[in-house]
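Letters A, B, C, D and E mark the chains in the order given here, with residues in each chain numbered from 1 onward.
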Amino acid sequence: NDDLKIVDEPLELTVHIHHVRSTAYDENWPVEKVAQELTNVYLKNATVGSNTTNSEEAMNLLLATGKLPDIIGSARIKEAVDQYGPQGAFLPLNELIEEHAPHIKAFFDENPDLMKAASSSDGNLYYIPYLPDGKYGRGYFIRYDWLETLGLEVPNTVDELYEVLTAFRTQDPNGNGVQDEIPYFARQWEELPRLVTLWGGRSSGSDTYHDFYVEDGKIQYPYMGEGYKEGIKNLAKWYEEGLIDPEVFTRGSSSREYLLSENLGGMTHDWFASTAGYNDSLADKIPGFSFKAMIPPENVNGDRIAEHRRILVKPDGWAIGGTNKHPVETIKYFDFYFSPEGRRLVNFGVEGEQYTMVDGKPQFTEEFLTNGRPVNSQLYEIGAQLQARGYYQDYEYEKQWSNQYALEGIELYEQGDYLIPDFLGVAMNADEQRVFDKYFSQARTYMLEKQQAWILGAADVEEEWDAYMSQLDRMGMNDVLEVMQSAYDRQYGG
Amino acid sequence: MKNMNLYSRGDKIFVFANMVLIALFTVAALYPFIYIAALSFSSGFAAAAGKVVLTPIELTLAAYERVMSEPAFWNSYKNTFIYTFGGTLTSLLIVIPGAYALSRPQLWGRRFWNLLVAFTMWFHAGMIPFFLNMRDLGLLDSYFGIIIGFAVNAFNIILLRNFFESIPTSFEEAARMDGANEWQVLWKVFVPLSKPAIATITLFCIVARWNGFFWAMVLLTDEGKIPLQVYLRHTIAELSDDEEFSSTLLSAPYSVETVTAAIIVCSIIPVLLIYPWVQKYFNKGILLGGVKE
Amino acid sequence: MANISNSPSDRSDGVIAGSAPSVGPTRPFAKRLDRIQMHLRREWQIYLMLAPTIIWFLLFLYRPMYGLQIAFKDYSVFLGFEGSPWVGFEHFQTLFQSDQFLRALKNTVIISSLTLVFGFPMPIILALMFNEILNETFKRTAQTIVYLPHFISSVIIAGIIITAFSPSAGIVNTVIGWFGVEPIYFLTKPEWFRPIFIGAGIWQEAGFQSIVFLAAIAGVNPSLYESAVVDGANRWQMMWKITIPCIMPTIIIMLIIRIGNLLEVGFEMIILLYQPATYQTADVINTFIYRQGLIGGQYDLAAAAGLFNAVVAFTLVMTANTISKRVSKTSLW
Amino acid sequence: MSGVFLEGIVKRYGSLSVVHGIDLEIKPREFVVLVGPSGCGKSTTLRMIAGLEEISDGTLRIGDRVMNRVAPKDRDVAMVFQNYALYPHLNVADNMAFGLRIRKTPKDEIAKSIEEVAQILGLTEYLERRPADLSGGQRQRVAMGRAIVRHPDVFLFDEPLSNLDAKLRTQMRAEIKRLHKRLGVTSIYVTHDQVEAMTLADRIVVMADGRIEQIGTPMDLFNNPVNTFVAGFIGSPPMNQFSAVIEEGQGGLVARANGTTIPLPALEELRGAAGRDVVVGIRPEHVHLGAEEGTSAIPIELDLIETLGSEALLHTHVGNETFVAKVETHGEIGHLQGVNALHVKPERVKLFDRETGRAIGRAA
Amino acid sequence: MSGVFLEGIVKRYGSLSVVHGIDLEIKPREFVVLVGPSGCGKSTTLRMIAGLEEISDGTLRIGDRVMNRVAPKDRDVAMVFQNYALYPHLNVADNMAFGLRIRKTPKDEIAKSIEEVAQILGLTEYLERRPADLSGGQRQRVAMGRAIVRHPDVFLFDEPLSNLDAKLRTQMRAEIKRLHKRLGVTSIYVTHDQVEAMTLADRIVVMADGRIEQIGTPMDLFNNPVNTFVAGFIGSPPMNQFSAVIEEGQGGLVARANGTTIPLPALEELRGAAGRDVVVGIRPEHVHLGAEEGTSAIPIELDLIETLGSEALLHTHVGNETFVAKVETHGEIGHLQGVNALHVKPERVKLFDRETGRAIGRAA
């Protein structure tokens, strides 16, 4: 298959690859071997800081050396390209894509917003992002067996939810004679304010916590809205009544394992893929254990909102170094991974090894799926699904090894289409950035402090709300929103 | 006064109360170790669920099997030993003469030199300049770079210098009368007489080397050269699954918690063995009998 | 005179010392040269001993210090130290105009001072207590154990603390429950953060830090205890009147160094233990910078804070050192 | 004041026994001096009495309390250490005040005591100095002062004067004696100095190798040493000793050694002792340059003259054995050069059994 | 062997001057002893010679090299320290071998030297011990040994024998003297001990307060002290001194003090001195219990008798002034109790100017 060959003579390019999964480039990854063969482009590892687990640190070290390799792939590369691309550290890709990367071009033509989202404030695209596939990220999970025990229905509205949680709290659904149930829990305490959506508030606009969101073309911050206030007020009440894990702020990542395996937890909001797994792993321990997804209850306004979804474009990906002598070949190389062969390679691994073609579609081999090792880890090891690389993920790959209950849950959500549009982020120019840096972090700190204080009952949201809002004003939140807006308008306005 | 029999009643009570307090503190200090030991022998799920308190839950050796089966683990263990021994040795070879020189009253500019050393305890260049400096010196990604780049530490110098200053001058004078030059005074008299202090800074060097990871992470590229602590971090990163998929490890006999704990247990054992060796030198009366005060 | 200063003969050197005592400004330069030459000939070995240390410091610590200039620059890692534009005191302004920085500064000073008051004496007390143990085996075992927590990462220590202070299952709440106290969610209570943090620090580090003092105590002349015991001192008095005065130089040195770290509170543990709810007492300069700066790679801001920190530290240390030198004749330089 | 009673006191360091069983009764107010060669266990014995070393075996009583296991501070003894053991961080005044402060003596009383003692010891102008800034002798005096100010029940002195100059030593010696007279404190004193031992002691205890050789008043020890060891130890320069055989001479028994004949005193014990192997002892002070009534001449060869001022030591030899004589100089030593014989009175000659070393015919 | 020459040697600590300018010529092979009260600067002077203290002013030469700025190790002197300064981490053998090893002496030679010296000092059985396990005297001997093994050009001794027992001290003293005879090493020796000073010294240097008071042979100092200080310092017990006024008596001039009249020697300098204020000095050894030819009686009151064996010290007083007499005991002290007068020959009486303290009519 020679039409994928980019150059006739083998071309060697240097590369920096840094992602928590693979902190250096490995020339012996089977995926790479195949890619080399197909493209005739050979990458040579030139990663800096490959022993740190922090990609930004590695990136900064790399930049500080002043000698950039031809290709730079990294987690959170967007910040670097936004800042240093205009300074010449990275090559702008727009024209290169236009002329030499048909597959990439085709993808962006189809998804213009993603192109905008990945672009920098000067309008140039400096990196090819990793583009996840699949819609749903997190969903509500509840103990169906408990509902059954107590003779309750799956709650349909926020009020019903309140009743169900109260029943979980008071009626001893686990049947051990003690009211030790924790009705709502979360691994990340940030999933608690997520519940303000039940009162028409917002907690974030993307899969990043505490992010901005867009409403009617206007940038908004979730912790400044009326619905949020209402939600917090109610959450404080719930917390007080014991409907929420009293240790939600400190229990941390072990809470799901602990509360589920001890038969204590009733409901959570978490990733489909991982949460559904407990139905299998706890089946023996807790007879009848059934922890499955439920659709978002209707909020006070009658809407069902799934605030969280898989992000569409990641700040991870790769870029071309400013001193690269072969930009054309490089962009062609990038484009390879958007070609059907390349995309299959990066998603599924090597044909005949990890997958075979069944009905024209890649299908993981039985051996690969059942050898007891996590599929994703196995793929990382061979250089597939490498997120420091710009590529377009194929949800099919995940589907093939997803838990049946997860798929069921996603199916449930698919039916209703509860998703709301994601905020894809903005690229600010230097002036905007300065304003943002000056105010935002501190204002957010303040908001989070207040949020926790209100939920914990240390202060009252009603009483403090006005003072809170004016304090935010004083802390420059309005300026922040203003610069965000101008950046947003510039980026997505067209 | 090694014997309790000659203690007064009040002193016996005092000593006893003291012993009880120490015992309590010791128990408290022992707990973290017991905890990670228990963790390392627990099942992955129990550990991840935070059920381990004092004893292993669902006892298993899986974590150790996982750790010990990795050649990278042993390699990093070896590297840690190289850094620790090489680093400590280099450190002592530079610090001991340096501290000695700084303790000499006849050294001109003594105040200045001491200040030059002490100054660095508060003014740090920062990561990037240090990294670039190491690069310019050609010390990136080498055993030697890690060993020499962190050989000296102002605190240790000051500690040792102070001890040297407290040694009665008579010993130095006696050695000089015996014909010793500076080096001989240092190595044949001061060093043997400073065993407690040297043991202390040796321990500090060893511990710093043993625990140090940050610069190894930054300066090393070759995975074959990383020390244990960096390996530990790699392992944690590797095992902490994406939060989306963490259930994929639910059924594994080990988890990131147990493997981490197992590595920590393995890494603590050598330092556990070092300390008693150091303690030997804390014995009283090193200067005893030498001079009539 | 001039040719004498070049003469290598000991005799002529001696004559100069003998016949021309300190005064006589006739040829100060030649005299000085002679003095230097004399001194070096006699003491060259100590300079040779000092050299590796000084070279090391210059090469590895002072050489990169030009990087501190980024505190006054809008630093771009890509453009480098020279290429980045000067911004003067902008970063310092950013810091000082921020309420949260001032709060963090205040918290830092409070936490540091409390640590100084409670945390600094603990290793000393521990060392003194160890000194009173007669049973060698017990002593050594206990010493080895108390130094262990130092080797356990903050993450694990923090985990243990969080569990211990958990309102439902934590040992602390269980114990206070016996006295009829309602469970307290300690880790979200701003007023509890400092005691817990400082206590944790003591728990983790006191044993390790006591090593310095153990070594110092080993240097105390045992015959002083004999003298004191015959003078009628009990163990307690001996501790106060013999041991502590004898290890005072070490204590003072450690204290001065510690004072220099007044604005330096390790953020690793704080990040693990604090919550937005406890920011008001827990947020320190380093956590502030961490949230503010390093997440976005703002080395320049961090450098500004670091420089501020260092200048304060240095001022404090200078002061402490001068006082100490005057009062106790012990000093850092 | 209390007496001090040692019964079968033994000290072992591990398996090494350094004091082998000491019995000693010290009466209240008595001044007892321990002498003996270096390393014989004097300091160790003193330290056991002070409570600084555990007593391996035997009983120690002070007054009527058994003290074996009583803490030093409850024994009410004060001690001057051989190595001073001054507190380096305290100045002279505070060093002396230490014991008093510990016992919560009122401030003004402390000040008074210190002033007084400093006066006695000539330390008044050094009260503010630290030990490190004092000369050896000055330190020794501070150590002395520290014990004196405390007015204890028993004084223990471990060579307190060994670093003082002669003048000060004489003065301090008399001062101690006077102090002892005034306070009547039971005192145990270790020294190497003949003069100190002889002048200070009510009784002297001669120790050797962890054992007591003889206990007695100074004159008693000087005149009637129980064995060659004590004879050689008490008196300075030591008694001349040489091996001899008893023979029948003209006027009675004589001792023959190295070709010399020394007439012996007429003692009961010597009856029929002819042929017995003995050690003959003659004190350097007991020889005369000129013949006197009843003396007999010992021919000697002069080796060396050491002048001590009004006296001189003649180092000589009799056959192969060295013999030291102490003679008056009358201000010059010229007349000593030609000396070739010494004269001794028979009653001054001591005899010891050659095997056991025990004195033969010890008076009283 | 080299001589040691001090010219105007001064030592200052900061502004405090402790040695004020010492001129002293020590001839090659000479044995010079420094004596003086505690704190007078003896050790300091010795340390300047050793090179351990910088010389603030003046010139020091050893042989013909100016040594002011020469490092101690290049002066080829050995020193025994007052405080021993043993290496606590080395055993006795290694302590002694230290200097030799530094100088790369061959192993077997070191072993031989050590064995020999240990023999002399009676340390053979302690060679393996650390200083901490030795008694005070044993430590002192090790310190001695360390200097001796080195065979240096000049020996410096700072009270090397002060911790030894009388017997050992006598023995060591003789040993040092013999060693000095044999090796002929120039030696400077600091001591407090009269006897040591008198017996060892070729010349004695009496220091006071950082100055030299007198230099001379032992007998010279004893017989002709230049002033009251030296008179009081040399001789033990010290010379009795009391103020008196010269008057015209029957047989010549007399000194009158405390209601006593003491006939004086007929000296040139006293001519016409009647009425002059003087200090009268009489050595304790120079009084007699019974009247002899030419003696005159001094009525005394007896305070205390100190027995030294064959001699006793009578502590008495004459008017308000104490007066010590050294008399023979002849083995008992009973006859001393009733003594109420002492006798002295006029030629034994020394006179000093009351103002300056200088001797009047110093012979030679």
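Assume a contact is a pair of C-beta atoms (placed from the backbone, for glycine too) under 8 Å apart; a residue touches a chain by one contact, two chains touch by 3 or more.
Note that the structure is a prediction, hence the values are computed from the model and not measured.
J.: Chains touching chain A and chain B alike, please list them.
T.: C
J.: Indicate the lowest number of steps between chain C and chain D, counting one step per move to a touching chain.
T.: Between chain C and chain D, the shortest chain-hopping route counts 1.
J.: Please identify each chain that touches chain B as well as chain E.
T.: C, D
J.: Among the chains here, which has the CA centroid at the largest distance from chain E's centroid?
T.: So the farthest one, by centre of C-alpha atoms, is A.
J.: Busiest chain-chain interface by contact pairs, anyone?
T.: That would be the chain pair B-C.
J.: Distance between chain B and chain C based on Cα centroids, please, to the nearest Å.
T.: 17
J.: Would you mind pulling out the distance in Å between where the CA atoms of chain C average out and where those of chain E do?
T.: The answer is 54 Å.
J.: So how far apart, in whole Å, are chain D and chain E when each is placed at the average of its C-alpha atoms?
T.: Result: the chain centres lie 21 Å from each other.
J.: For chain B, which residues are shared contacts with two or more other chains?
T.: 1, 3, 7-8, 11, 50, 127-128, 132, 181, 285-288, 292-293
J.: So which stretches of chain A touch two or more other chains?
T.: Residues 60, 64 of chain A touch two or more partner chains.
J.: If you look at chain E, which of its residues touch at least two other chains?
T.: As it turns out, chain E has residues touching two or more other chains at 71, 82-83, 134, 136.
J.: Please give all chain pairs that are in touch with each other.
T.: After working through each pair, the chains in contact turn out to be A-B, A-C, B-C, B-D, B-E, C-D, C-E, D-E.
J.: Within their complex, state which residues of chain B touch chain E.
T.: 168, 170-171, 173-181, 184, 188-189, 192-193, 195, 285-293
J.: Using the touch rule from the top, collect the residues of chain E that touch chain D in their complex.
T.: 35-39, 43, 82-83, 134-138, 141, 159, 162-170, 174, 177, 192-195, 198-199, 218-219, 222-223, 232-238, 283, 285-286, 304, 306-311, 313, 315, 329, 331-333
J.: List the residues on chain C that touch chain A in their complex, please.
T.: Going by the criterion above, the answer is residues 76-80, 94, 98-100, 162, 166-168, 185, 187-188, 275-277, 279-280, 283, 291-292, 296-299.
J.: Quick one: in the complex, what on chain C touches chain D?
T.: On the chain C side, the touching residues are 221, 223-224, 226-234, 237, 241-242, 245-246, 248.
J.: If we count contacts the way the header does, which residues on chain C are in touch with chain B in the complex?
T.: Its residues touching chain B are 39, 43, 45-47, 49-50, 52-54, 56-57, 59-68, 70, 77, 81, 126, 129-130, 132-134, 138, 140-153, 156-157, 159-160, 163, 203-204, 207-208, 211-212, 214-223, 225-226, 229, 234-236, 249-250, 253, 257, 260-261, 299, 302-303, 306, 309-310, 313-314, 317, 330, 332-333.
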